[in-house]
Every structure is written in structure tokens, then in C-alpha cells.
Amino acid sequence: MTHDLRFSGVVPILATPFHADESVDTESLDRLVRFMAALGVDGVTVLGVLGESNRLSDRDREVAISAAVAAAGAMPVIVGASHPGTRATLDLIAMAADLGAKGVMVAASAEPVPNDDRLFEYYRRVGEGSALPIILQDHPASTSVHMTVPLLARIATEVPRIAGIKEEATPTPPKLRAIRKALGGRELNIMTGLGALYGHFDLEAGSAGFNTGFAFPEVLMEMVAAARAADWDRARRIYTRFLPLIVFEQQPGVAVRKDILRRRGLLAGNTVRHPGAGLPPGASEQLDALIEATLPGVDLTKPLDRAGL
Amino acid sequence: MTHDLRFSGVVPILATPFHADESVDTESLDRLVRFMAALGVDGVTVLGVLGESNRLSDRDREVAISAAVAAAGAMPVIVGASHPGTRATLDLIAMAADLGAKGVMVAASAEPVPNDDRLFEYYRRVGEGSALPIILQDHPASTSVHMTVPLLARIATEVPRIAGIKEEATPTPPKLRAIRKALGGRELNIMTGLGALYGHFDLEAGSAGFNTGFAFPEVLMEMVAAARAADWDRARRIYTRFLPLIVFEQQPGVAVRKDILRRRGLLAGNTVRHPGAGLPPGASEQLDALIEATLPGVDLTKPLDRAGL
Amino acid sequence: MTHDLRFSGVVPILATPFHADESVDTESLDRLVRFMAALGVDGVTVLGVLGESNRLSDRDREVAISAAVAAAGAMPVIVGASHPGTRATLDLIAMAADLGAKGVMVAASAEPVPNDDRLFEYYRRVGEGSALPIILQDHPASTSVHMTVPLLARIATEVPRIAGIKEEATPTPPKLRAIRKALGGRELNIMTGLGALYGHFDLEAGSAGFNTGFAFPEVLMEMVAAARAADWDRARRIYTRFLPLIVFEQQPGVAVRKDILRRRGLLAGNTVRHPGAGLPPGASEQLDALIEATLPGVDLTKPLDRAGL
Amino acid sequence: MTHDLRFSGVVPILATPFHADESVDTESLDRLVRFMAALGVDGVTVLGVLGESNRLSDRDREVAISAAVAAAGAMPVIVGASHPGTRATLDLIAMAADLGAKGVMVAASAEPVPNDDRLFEYYRRVGEGSALPIILQDHPASTSVHMTVPLLARIATEVPRIAGIKEEATPTPPKLRAIRKALGGRELNIMTGLGALYGHFDLEAGSAGFNTGFAFPEVLMEMVAAARAADWDRARRIYTRFLPLIVFEQQPGVAVRKDILRRRGLLAGNTVRHPGAGLPPGASEQLDALIEATLPGVDLTKPLDRAGL
């Protein structure tokens, strides 16, 4: 476990827990962060898409960041700070810095119509005004912004504050390879996400690890460890075993993931902020069967036994 | 001029003025609001799309609302309070109410995928929790949400807090007529916007007036007065005369409108928040010629002589 | 009137007339094309967005092109030939060439995700395989493809078959100027469209004329003539007078325009292909009043008296 | 194997094979169809999204349908016939019927703005004019049309020609259940697709089987057989084993799938029509490893031994 912003290994994206009245449940967030720290992950990210950041007020953000930082100890906390306005992005970054975060993650906005020069200028200004290292997030499914490899490489090369890339434009493996090639000499970690759906293929293509919300980070840690040891058979075996769970979890909507975290004893409930969808009918029963088939008899509230995966 | 929320006549949408460093220019905002009050408009709306609300932090919003309310006197201030999250929408409404606004304007969000029941439920919850009257904004060009006439009528009928509709789905005239028909007995004012591009046709179709950002509200006031007096020739003559200016102003981007307000002595500058586009090359010269042709020799810093339009 | 593909002046975009059963009404199309030829326009474009080309089978296209070419005499016919597939674009171009068209108009497709290199390659291949001169159409409102000025200039410069640009990305005036500047020495006509909504401003910015569907091309011809004679007062006066009609016509949906062409005695009916919207309730009455106010007592079935505009 | 349009079991969606010059490779298509018939699938679908139907001319479609029908023998061929125009949809259906197809698949178009009444009317008209049974495809990822459960049920109930639903709106399991419930008494098969990504969960939720392009239909046939026999352990085991391959195949772009079909000896090449993307760098090597891990030593050109899965 490292405590500076290396952006490699496993950095879970955290859900934002809510009480039944949709206020931020800081107690659950505290428990969630401590659980991750105890696992030995390389950091956590709060207020990403999974964190329902688009449904939060700035005050909610403050509450969530504070709780996460307080619980994290030496483990770095990265804060999602994307905003359609450049100055407002910097305001969010300043708030994160003030509250003790160690980095921010910033995705570009589709408003106004993006083009390469406009996108570069956005990151240039954000980089110039940021007191924290920045993770450049490339996630067209949520942003509708499609960034080319040369643009990503240009931003990463010319904006010193960029400390890593979170690559989530499918298909990810060829884009990972192309970015690494385009970066040339520049050392920069690229992590992948998307719930680890393409996890094994991403690792094969050189992903530095996972920055995603899969509710069993132990599995991802073991996959990364196997990949680092070049034990591809083991990496693939673990990936295959857990892939049905990965697939089920990454369905649209965050309720399934929140419910698994609830089953792990980390969240008090699975409340999603309206108008986000709650757990759909039938999902709970499917999840029962799926978890039992994948982890028969296992106590989910304990860290999984990594050696036995 | 009425001082309760009648939502009819002319309710200008205000630009949010910024200093060169993009901080909120409260002095210009004060001047802008007082100018509108002196014209005798029926209210003003702040923090709409024209107000660049999507590029503001919550603190920026607070500053702008406070300045507008302080300058407005008895004239009602309506605050744009749209937010993808229902609870966050209510937070924005509560802030507006605390700061002395008289109403809010709320457009629906495209996230998650909207359908009639989900949209209705959003407005039902917002209506239930709001201390202020709500203007339902139907503006698919900015929201990507397409609301049918039966849905609009249902929301307007079953959510008592709805105090008016701002209809901006093109073509507006047939939609205006259809909504009025669908509302049946329910008395509800429907205003139109879109920079008054379809102004004359909207009035013909029964629009209660204009809730839009055209920088010469005097023109719109006179059109509404003519329409109310059934002097359609006069309404059409004024519309035709100012239509080139209306067309030029409603081009994408808010810089042109801000520059006209600057020329009217209301804004200190025409700064648009990044990444919004500033005044494009050549626009200033075209504006010079256009204003000179439309209002030859007129001192723009004074209210226009309405009788002479 | 020139009979090669100069792409300047006025090149009306034609509606595709349909019988009540939605089959192509070649008789009306014949009448429409002959009327335009008699006006002395510089060419006509068929099968654009206004021509409902996206709702036609290839056989329908063949019928419409044949009828237009047969009626056009020496006047050039340009055919919309955009298609998501490159090879299918070339098939459409080959059909147009076989049937006697003098040029084609091609807009890029948003599928798959466009980027500068992919868009360039599309036009490069289309240019290489086309037997006809190509008009590059930049119309993001219908294509969702946003092309930058450097990209447009690169395509225009490196693909010899490009014979003109139809620029319809708002705001058009600054983009027109920027493209002309970026083209440097390359002689290339850029026409504008959008129903002539920004007509006067486009001419000021250097538009070579109008390639659009406004149902009174005589008005546009006179505006272009005035602009060429540097009589900007006259150009502006005509624009202002007809702007309410221009605005009304360019509302979403093609039914209004078809109904005006019907009133002009050119189309037998105003049928729009399903699921396109027909003339909405109330539009006909508004159109009556608007036309009477704009052209009182004029016989619409005759060419307008241009000198008297 | 049944030979009428039951729409259950496994109905592979076929790629459209192309020669290197992008012309339709009917020889490969013949081989592909015969292979499927020999496997005993319940039918095949041509000219879907995977079939690159959006990049084909009507003449290309004719060639592909003819080849598929000729090779299919008694096995039913379903033809993708979606088109933005209602009359053009009927033209495509008529072509399919003339050429011997046994059914068509129709997805709604986003143009013009869809709403429930407009979508219903589209399917009502298509149903009225179609000589063939219709599969209603619900695939918002490609159409941008989001159909609610009540709308789907209404279409299925009131349009007698609807012979099945292909449900591909994620998350699919709850939507499957909701549609079945909403259909009440109406017997109607609902199949799922999306490359079988959610295959096991779809079967649990009552999917009638798979109508998708996964290049190993034998696997899907065995999963369906296991589900029908209520042997859920076997179904899940097969799903888990092949899920990495399923995930890899369903990445955006059809080149990976075409390359697997090439490896199976069915397609002469993996050509994708421009501007579709070809096989990205590195994908071939990843595919080698993945296939070797999933099906070690197996001759892919032979049908898989289903009992041994």
C-alpha cells in the first residue's frame, strides 16, 4: 500500500451512502472507507458517477469528502471534481484540497461543443489552477465526449498536473496500447474501470490496475497481483470465476452495487437518490443465487481470503 | 406591474455578469435588475441557461440571487433551480426561498432515461417540498427531455405548486394551443422564450408573454401591450422591425447578448465563463451595423421610447 | 444563370412532393423544378433533409432524381447523397451521375464515433470514387457531427472533388469567415442555408449565396443581387421585410414549407411522409395572416416582382 | 428445429460477409447460413446492426437476403427491416417477403422526436401493411428510443402482426419480467440479445432464448436446453466458462466477431465496411489466448461438442 498518488493497483470508486431520507450517511461512508483501508487498497475515489455526484449539492459534497478523508488515514482519497464550468471545476478542486484530498479526477464536459483545442484548453486551465494532482477521466458513456489518443497524449504531456489517466472508452485494450505508445517517454499510469468488465483484457493491454466500483476489491487486487507476477493463468481463472458477478454489478443503475455493499455490512441501506432507480423487482433474488454460486457459504462481511480465490 | 408571481407580461431572463476573472459582478447585476424594475417589467428570472447557471458553484448562485433580490425591490425574482437530483433541486429551491426569491423555474433532467411516470414523479416531489411557486420549463434544446402535452397538463393539474409553464419546444404555437386545450378549466399562464424568435406567432397562439433574454425588453412589452389591445398590426410591425436583432441575438452562445447589455450601459463587460465562447471575431462590427440600422441615433443606455416603436 | 456547378447565387433545396398515399408525385416535382428554372436560379438540390431523403427507398430516390433532371434542362441538379456507409455513399453518387445529376451534396455521419482523421478519410474515399463534384455539407443539427474549421479546410484543400461547402453550423457568420481565412488561396464557394434565417448576416460574412428551401427564392435572389452590388441597405430591407416568413417557415418540420409551395401552385398537396409531422392545427390560419401581411394581394402562383421587393 | 416463426430457442444474428472490396460475399454468407442450419438453430436473422445494415444499399440488401434464403432451406430467415420512414419500412418488408423471408425485425426510429402515440402509430401502420410476422426490437443503445413497458405491451397486444419481442434495454432481467406481466394473457415470446452478455440472468428472468450474434451458438443452445430442463447449475457453469469470450466479443465494433467467424472457417475474411472499424491492433493476439484458454485444442471449424460443454 502506498500513500501518495501513484494511481496503480486497486483504487475503489466508492458509492455515496444515503439514509432513507437521502441525506448523506457519513457513518456508512466511514465504515466503507475503513474497510477499504484495511484491505490495503492503493486509495479510494469518492464522488464519481457511482457516487451519484451529479445529484449532490456542493454542501453534500463537502460532507462526503470530509467523512472520507477522516476515515482514510494515510490512504489517499481522490475526489471526482468534474463540472461543466472551468472555474467551478477549480472551486471543486479547491474544496477537495482544503478538506484533505490527495487528488482529483476530472472528466471533460460536452457543453459547449467540444473540439480538441477547447478540450486541451480546459485541462490546461484546470491544471494551472489545481493544487492537487489530476486524474484525467476518459469516459464517453457518461460525458458524450470522445477524446482521441493524440489529444489524450497531448494533455498528459503538456499539463504537468496530470498524474494519471482513467481510461473507460470501449474497446479499452487497443486504446490503452495506443495511449501508451503515444505517450512515448512520459511515465504515466493508466488505470481502467467500467466495473472491471474487461478487467483481464485491460491488464493484458497494460492497465496499471483498477479504479472502479466492483464491490469485491479483493478480487481485483488478486488479479493485479497475478498479472504483476505474470501468472496470467491465475489472473484469467479469477476473472472468469467472478465475471458473472462483475457483469451483474455493472448493469446500469447503482442500486445493485449498493445492495452488495449492504450485504457486506458496509452500507446501512441501498438507498439511491431520486430520480435514480432503486433495486428493481427480482434483482435481489438473482443476486442471492449469484452470490451463493460464486462464493458458497462465504461470510461477505469479512475480507475475502485472497489466497483461496 | 404586479408584484406577486403572475407569470405574464414580460419577465426578462437575466445574464449573470462576470468580472474579467469570471467572479460574479454583483455591481453590474444590481444595475441590470434596477434597470428592469424601472422599465416596469413583471419580474426577472436569474440563473437560467442564459445566466450560465450550469457553470456556477452553489456559492456563486447564492451571491447572484442575493444581489438580484436586493436590487429588485417589490419586483419578483424567479430563480432557475433545475438539477439532475430531486433532493438537490429542493436544496436549490430552499436557498432561493431563504434569499427572498418569489418563485423558481425547474426543467426536467434527461438522467436517468426519462419517461412520463418518472418525470411526473420528479415534479410531484419537487412540488411537495417547495416553499415557492414553480414555473415548469419545457426546453428540450437544453434538456434533451421531450415532454408531451398530456404529461405537461397532468403535471400542471396535479401539482398545485406549478404556477406557470415556460414553453420552448418548437414549433411553439401549436404546442401552446394544445396545452391550453388540455388544461381545460385550470387557469395557468404559459409564457414563451427562445429569445422571442417566434414572438409574434406565440402571442397569436395565446402566449401570456415573454420570459426570455432579449436585451430590449421594452420592445417585448410593447408587443404584449399591442396584442392585449388586439392591435395585431402594430404587434407585427414591431416584431418585424426588431426581428433581425432578435435573430442575431438568439444565435448560440451568450456573448452577443452580454455585449448588447454592455452597450446599454448595464454590464461592465461581456465576459462569458470558460469554456463558453466569447464574442466571435466580426460579431462586434455586425452588431454595430445592425443596431444602427434598427435604432438609428438612439441612446441605448436609456429605456427605448415605447410609443415610438 | 450558369449551368455548370458554380455553387453560388441561389440554389433552392427542393421538397420531395408526395401523393396522398406517400408515393413520389413526379408531376409536382416537374412543376417545381420548371418553376425554379424559369426564375433563373443557379441550380436546385434534391433529396436533402427538406427532401425527406431519410424516409426514401433507393427506388424512390431514383424516381425523384430522374424527374428532377428531366425537368431541369440546362439548370444543374445537385443530389443529396449522404449515407452512413462509405461504399453506399458512392453507390448513391453513382446513381445520381447515371441519372444526369451535375453534383452531389454529402454530410458526414456520426456513426461510428467521428474524429478528424476518420472524417477526413471518409471524404477522401468519397472524393476518390465520385464521378461528380461534391458539396461538403456541415450541418451538425441534423448529423450530430461537429467539424472544426481546420478539418473543413483540410478536406476542401486535399480532396479535389470538393466543389463547395454548405455551411450550416451556428453561429454561421464567424465560421464562414474562419473557413475562408483557413482556405487561404484555394478558391471555393461557401453557401449557407438554414432557411436563410441568418441570411443577411451570412452575406455580410462572405456567403456566396443561399442553398436552402425558403419557398420564395426570388427574395433570396434579390438579396444576393443587392449584396453583390454592395447595396447593403436594400439587402437588409428585403431581409427584414421577409424575416417573419423566413422564421415561420424554418420551424421544425417540413409541412409548413410544403404548404407554401402548395399555395404557390407548385405542389398538389402538402403530404409529409409518416412519421414526419403534418401541418399542425392553427398553422394554416397563421400562415394566411402572415402571407397577407407580407405580400398583400399578391398572386403567389406567379414569380414575385423582384424589382418591387 | 422448428420451421415456422416461433421466436424462441437460438436464432443467431448473422454478420454480413464482405469481400476485401466491401462487396457482399455471398459465398461466405451461404456457408454461414448452412452451418447454422446444420447446428439446428431455430432460425437466423440477417441485416441487423451486426449485419452492418446501416451501411448497405437496397441492392446490397437484396443480394444478402437472397443468398441467405437460398441457403437456409426450411430454417426461417428473419430480416432486419428498420427504417426511419414508415413507407420505406414497408418497402423493405415487401422486399423481404418477395425474397422468401419468414419474418422481419423492426426497431423504432428517433426521428422525429418519439413519443408513445407516435411510436404506437408507427408499429400499427407497419403491422397493417406487413405480409410477414414482425419482431419488435427494443434496443435503445442503437436507436436512442426508450420504450416503456406499457407501450411495448400495448403494441404487442394491439398489433396482431407482432410475433415476438427482442428485448435489449438494460437492465434486461427486470424489463423482461415487467413486460411478461404487462402482457397478461397474450402469448408472446421475448428473446434477448446483446451478445448474450446477460445470458444467464435473462434466462432466469424468463427469456425465450437468444437472438444474438455470439459466434458459438452451440453454447447458447446448450444454455437454453439446460434452462428448459431447469438445470440452472449447468446453465450457469456454461455461462461462466464462456463469459470471457462473450464479453470480449460484444465490445463495440463487429470486427472481433467477424474474425472469430473467420477462424471458424465460415467467413473468408473479416472485412468491415468503412467507416466501421477493422480489427484493432493487439486484438488478434488477445483472441488467440482467449480461445486457447476457453477451448483448448478444439477445432473451431467443427460444431462444438455440446455434451462436453
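Letters A, B, C and D mark the chains in the order given here, with residues in each chain numbered from 1 onward.
Basically, contacts are C-beta pairs under 8 Å (C-beta built on N, C-alpha and C of every residue); 3 or more make two chains touch, one makes a residue touch a chain.
For clarity, every value in this text was computed on a predicted model and none was experimentally measured.
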item	value
Identity of the chain that, by mean CA position, is farthest from chain C	A
Between chain C and chain A, distance of the C-alpha-averaged centres to the nearest whole Å	48
Approximate Å spacing (C-alpha centroids) for the pair chain A, chain D	33
Whole-Å gap between the CA centroids of chain C and chain D	38
Chain C residues counted as touching two or more neighbouring chains	252-253
Overall pattern in which the protein chains touch one another (line/ring/star/complete/other)	complete
Residues on chain A engaged by chain B in the complex (per definition of touch)	22, 52, 54-60, 83-88, 91-92, 109, 111-112, 118, 121-122, 125, 252-253, 273-277
Chain A residues within the chain D interface of the complex	170-171, 173-174, 177-178, 197-198, 200-201, 204-205, 232-233, 236, 239-241, 243-244, 247-248, 251-253, 280-283, 286, 289, 293
Residues of chain D that touch chain B when the two form their complex	113-117, 140, 146, 148
